[in-house]
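Shared chain: subunit A. Partners: subunit B in the first complex, subunit C in the second.
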Partner chain A sequence: MKQIKIPKLAVWKFTSCDGCQLSILDLEDHLLEIGQRIEIAYFLEASSRKVKGPYDISLVEGSISTPEEEETIHKIRKQSKFLIAIGACATAGGIQALRNFRDVAEFQKIVYPNPEYIETLKYATPISHHVRVDLELRGCPINKTHVLEVISALLIGRKPSLPHHSVCIECKKRGNPCILVSKGILCMGPVTSAGCGAICPAYNRGCYGCFGPSESPNLHAFISLAQRLGITNSTLIHALRSFNAFADSFREASIYLEASEES
Partner chain B sequence: MEPKAYILARESFEALLQSLKSRGYTLIGPTIRDDVLWYAEIQSVEDFPIGWTDVQGPGQYRLQKQDRDTLFGFTVAANTWKSFLFPPRLLLWRSKRTENGIEFEQPTRSIPKLALIGVRACELAAIQVQDRVFLQQEFVDPEYQARREQAFILAVNCGTAAATCFCTSLGTGPKASNGYDLALTELPDGKRLLIEVGSEQGDEVIQDLPVHPAKPADLQEAEQVIQNTVSQITRELQTEGLQTFLYAQYENPHWDEVAKRCLTCGNCTLVCPTCFCSTVEDRSDLSGDLAERWRTWDSCFSLEFTYLHGGPIRTSAKARYRHWLLHKLATWIDQFGTLGCVGCGRCITWCPAGIDLTEEVRSLQRLAHREVDHAKS
Partner chain C sequence: MEKPKKISLKVQALSRVEGEGALDIRIKDGRVTRVHLRIYEPPRFFEALLRGRPYADAPDITARICGICPVAYQMSAVTALESIPGFQPGDAIQNLRRLLYFGEWIESHTLHILMLHAPDFFGVDSVFDLARSFPEHIRDGLTLKKIGNALVSTLGGREIHPVNVRVGGFYKIPPKQTLTRHLDALQQGLEIAVRLFRWVTTFPFPDFERTYVFVSMDEGDVYPVFGTHLNLNNERKIPVQQFEEVFEEVQVRHSHALHSRLKDGRTYLVGPLARINLNHTRLSPTAQALIQEAGLTFPIRNPFQSVIARALEVVHALESSIETLENGDLEPDRPYEDLGEIAGTGMGCTEAPRGILYHRYRVAPNGEILEAKIVPPTAQNQACIEEDLYHLASQRVHLPVEQWARECEHAIRNYDPCISCATHFLKIRIIEEP
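This part shows the complex of A and B:
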């Protein structure tokens, strides 16, 4: 990673809810300083001022869901030295990737009175399916402190410190007992990447898997343990098909479960 | 010399806690939170899980109310004493860029004097294992040392065992043999506590209390409690020749079978009272002028743990589980002169997949024998 001097930052949006961009704006205590250290050249959620590229850092929110977006992402890649996909939509396709499991034309017919006006791709896909991505920030939404960490790291040319291991490690460090074991509650923690600080288990709720699959998820073992706890396959399919439904291991597991439901 | 032993009335247990408090100790003891037994700061006996017990099994844990008002009618808590002696997250230093270069600053923190209330024999053995790691090697960990040296240990001899307990296989329990300040046995009538003195500090505390010397009959009664607990322990780990055996099992096909069940989540390592691995994280702020180095718990089940130039070296679940089990039961001996396992059973209970290292060792042995038999025939 090369050290960047007075870098120019752009924030882009594709198919998404804007929640990750709002998380950046939520860095209230640091926004002024960020504005001093880097030039916020393009960030429509925050300002209508547009400065032309190229950009040193591009933060990309959202999945690629339309033919137009497919073209635009290539233009952005060409203008960006360091491209960071932010959030579940940009890193896994997001909640809209649920359509990837069904026929999108059917959805169009049901939802829109005039589906012929809709131009959409068959699949909603992560940024990395289209262009080279230098770094991914996971989460629905992202953890704002990760944005701060990455910007701080890029500014002095060090490697950002981001977790990729399971939520369990974060959960134990926080001092939570395991609710899968003590309460038999479905918790996606053992197959989910850390990053949120194990918020849900800290409040006795199972992990929803917002940060997507961990670095080495064993879905086969996870399905077995869920079944041992008496969790039905349809509950499990719902748990796997949320914000990160189209992430490889979650997708494969839910398709496997769906097939075994049908057979 | 026999340790000095006294009888304290159960109703005076509070006086023991308050005596420790008046000596400046922060009390850490068993309490209930989120439906589990948990070691945390307590104020008085009111915080105790009186009458509660725990039911543990592979990947399973439930609390149960008993019809007896026992103080210590449960086994080991969900968390470990290491959280207090070896904190999960610790700032090691800060640095600041100034006109004259970089200034380093060590954080000033007041390290509390902790009284650990209700340390089980296996847990005491685990603390002694960590002592070897942090205090008896070439480099001493000053943070651990500061916490450890000040700590007062009130051990408790177990009056009950969980299905996951196997201290008897490792010779670590259920009776605490040394390393405590005071060791307590709850006698079956529920009215008397037998207290054995293990140190000068323990002796001083006893002088404050309304105790009378224990009679041989009391000692016999306490011994009966221990024997009763021993008879409840059903889980076993055969340790004889285990190290040599395991060193010959790198290619045992059973590792592949465990890997199918292992989530690589790391829970076993974090609930283990002897696991001591940590990593350091460097942080800098937006200005690049301030930096911090933090130490946090790490796990050999994470990929980054073995990240060397070019990538991690233990990528498969098989390699990671094998490494962990071999460290606990074999390489630990070469490294520190003891086993890395004390038989508390936490890795069995708190593995969401219910992987049981005693069972895995048996499976490895079975498969190895089958291969030997096969070779002979």
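This part shows the complex of A and C:
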């Protein structure tokens, strides 16, 4: 990774809740220094200043869900040296990707009295389905310290250090008793990427998978264990189909479970 | 339809709002004929994707409607669902929920005052520019924002999309000493908030006033956050259950957000200005003293002064949180009540930082959500924003457009519009009709 002197940063938004870009503004202790060390060239949520590309770093929030977004993401890729997809929407489609399992026309009718006014795509998809992505930050929302880590790494010219193991490792480090094994509460920790700090088990609830699948998760073993603990397939399907429902391994597992339900 | 002729104008993209939208102003013969705030934030169909999910999922899923006020969504969701079996959380749970909510008010309001709104009053692009002119105020404000976020983190597990709220209570109650550890920071925050308020009252406010129908929650003697009734402009009070009988949502072609209005056709305003105008006598002592000191009179009818209302609410939220931490019950017997099967329909409404947020759920005997309805504050304010812009543009139309286009953007930001909620950047289009 090449070191960038005063990098030009752009922050882009697609279909999302703004939470991931707000995580940047939540870096209260570092925000003003970030403003001095990098040029905030395009960040509509924070500034009316718009500097033309190309940009050294583009942070992309949100999934692609409209015909216009499908075009815009290509323009952004062309202007960006290093493109980072941030958050569950940009890396896995987000909660709005639940429509991918259903009929979007039906969804439109439920929410809007005049669905014909609404332009939307059949699927809400991650950025990587459309353009080459250089790095992904996971989470719904992302962990703001990961943004700091990536920006620091790019400034120094080293590889960012981001977790790929499962939440279980963080949970053990935090000293939590395993709630899946000891209490039989469904916890997605064994198949979910670390990065949050195992918050949910620390708050007496099962991980709900908001950082998406860990590196090569063993979903087969996970599902068997859950079933042995008496967790129903329908509960498992809902757990797999939340904020990272369209991530490959979660998607395949939920489709598999749904098919076995029906047969 | 007549094809409008566009006058050539440098298009200004509106920034420092949450979400994407655009503003169209139509002018014919030197008069403003129509103003459309177009929200083209892509729809995400929350009300549809909730169908068939277990009711326990509602607080976590609806939180994702908005990254800036997730606590509000969680609070309205649990309030609505808990009303189905008639469950009322005890004082301790309610105190903890109010603390969590105040954490969000402090964080969200400070973010809006400093980062989104203040740059307008000084004609600069961002908080980074302000930091050069007012380094102390900005550092102060960031400290304040952090204090609010810390409260949310302790009670919720993290600042954005907290994980600890559940139907019936919380997953885990933080130990009392963990909570009271925030007291020093909150005291420091209160001093900062007082300075922030004094600074904000010196902002140069554009000369502009309108008459509004203000709507807030009503919580008796308490400055409203929760409550079972709505206060309509101090004219009458209605139970939350009648929300849909009094207000209606209309879909308009130019926007992905549904417009709300009173069924009698009037538009209404929700948010800090509405809350403060209807409930200022219920503010905390320091907030009251600041009202005297600044010589404020109510109702405040200049929407640009909503920033004053926000600053006062930050003072109130900090002082009330201190009071609750020092004297309130923070230790419920159980973290939550398992409500089990709760078939039926429930409505809940709470005060999000931007105004009242209404949820209604119909739940099946097996615990599945059959129907969900969510009315966010920005959708309710949209018609009011358009009216503000119509009147503002009408008063300024004789001036060169460059002079007032920026003022129109500013007028939109008065509402801290959360376009992600209501359904990403705003463009102002001025269309001159032949």
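Here is the rule we go by: the second predicted complex is superposed on the first by the 263 of 263 C-alpha atoms of A that agree within 3 Å, B and C clash if a C-alpha of one lies under 4 Å from a C-alpha of the other, contacts with A are read in each partner's own complex, and residues count from 1 in each chain.
FYI, a contact is a pair of C-beta atoms (placed from the backbone, for glycine too) under 8 Å apart; a residue touches a chain by one contact, two chains touch by 3 or more.
In this text the structure is predicted, and so the values were computed from the model without any measurement.
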item	value
Side-by-side fit of subunit B and subunit C on subunit A, or clash	fit
Which of subunit B and subunit C A:17 touches, first, second, both or neither	second
Larger contact residue set on subunit A - subunit B or subunit C	C
Partner chain in contact with A:105 - subunit B first, subunit C second, else both or neither	neither
Touching partner for A:177 - first (subunit B), second (subunit C), both, neither	first
Partner chain(s) touched by A:204 [first = subunit B, second = subunit C, both, neither]	both
First (subunit B), second (subunit C), both or neither touched by A:26	second
Partner chain(s) touched by A:151 [first = subunit B, second = subunit C, both, neither]	first
Which superposed partner A:51 touches (first subunit B, second subunit C, both, neither)	neither
Nearest Cα pair across subunit B and subunit C, whole Å	11
Subunit A residues contacted in one complex by subunit B, in the other by subunit C	204
Complex contact set, residues of subunit C against subunit A	13-20, 41-49, 51, 53-54, 57, 60-61, 64-68, 70, 111, 115, 119, 125-128, 131, 138-139, 142-143, 145-146, 149, 157-161, 163-164, 166, 171-172, 251, 253, 256, 258, 335, 418, 420, 424-425
Subunit B residues touching subunit A - in the complex, by the definition given at the top	33-36, 38, 59-62, 78-79, 83, 88-89, 260-267, 270-271, 281-288, 296-297, 299, 301-304, 315, 317, 349-350, 352-354
Residues of subunit A touching subunit B in the complex	30, 33-34, 37, 148-149, 151-153, 155-156, 158, 161, 164-166, 168-169, 172-183, 189-191, 204, 214-218, 220-222, 224-225, 228
Contact footprint of subunit C on subunit A as seen in their complex	13-23, 25-26, 28-29, 31-32, 35, 40, 44-50, 65-66, 69, 94-96, 98-99, 102, 104, 106-108, 110-114, 117-118, 120, 124, 140-141, 196, 199-200, 202-205, 208, 210, 235, 238, 242-243
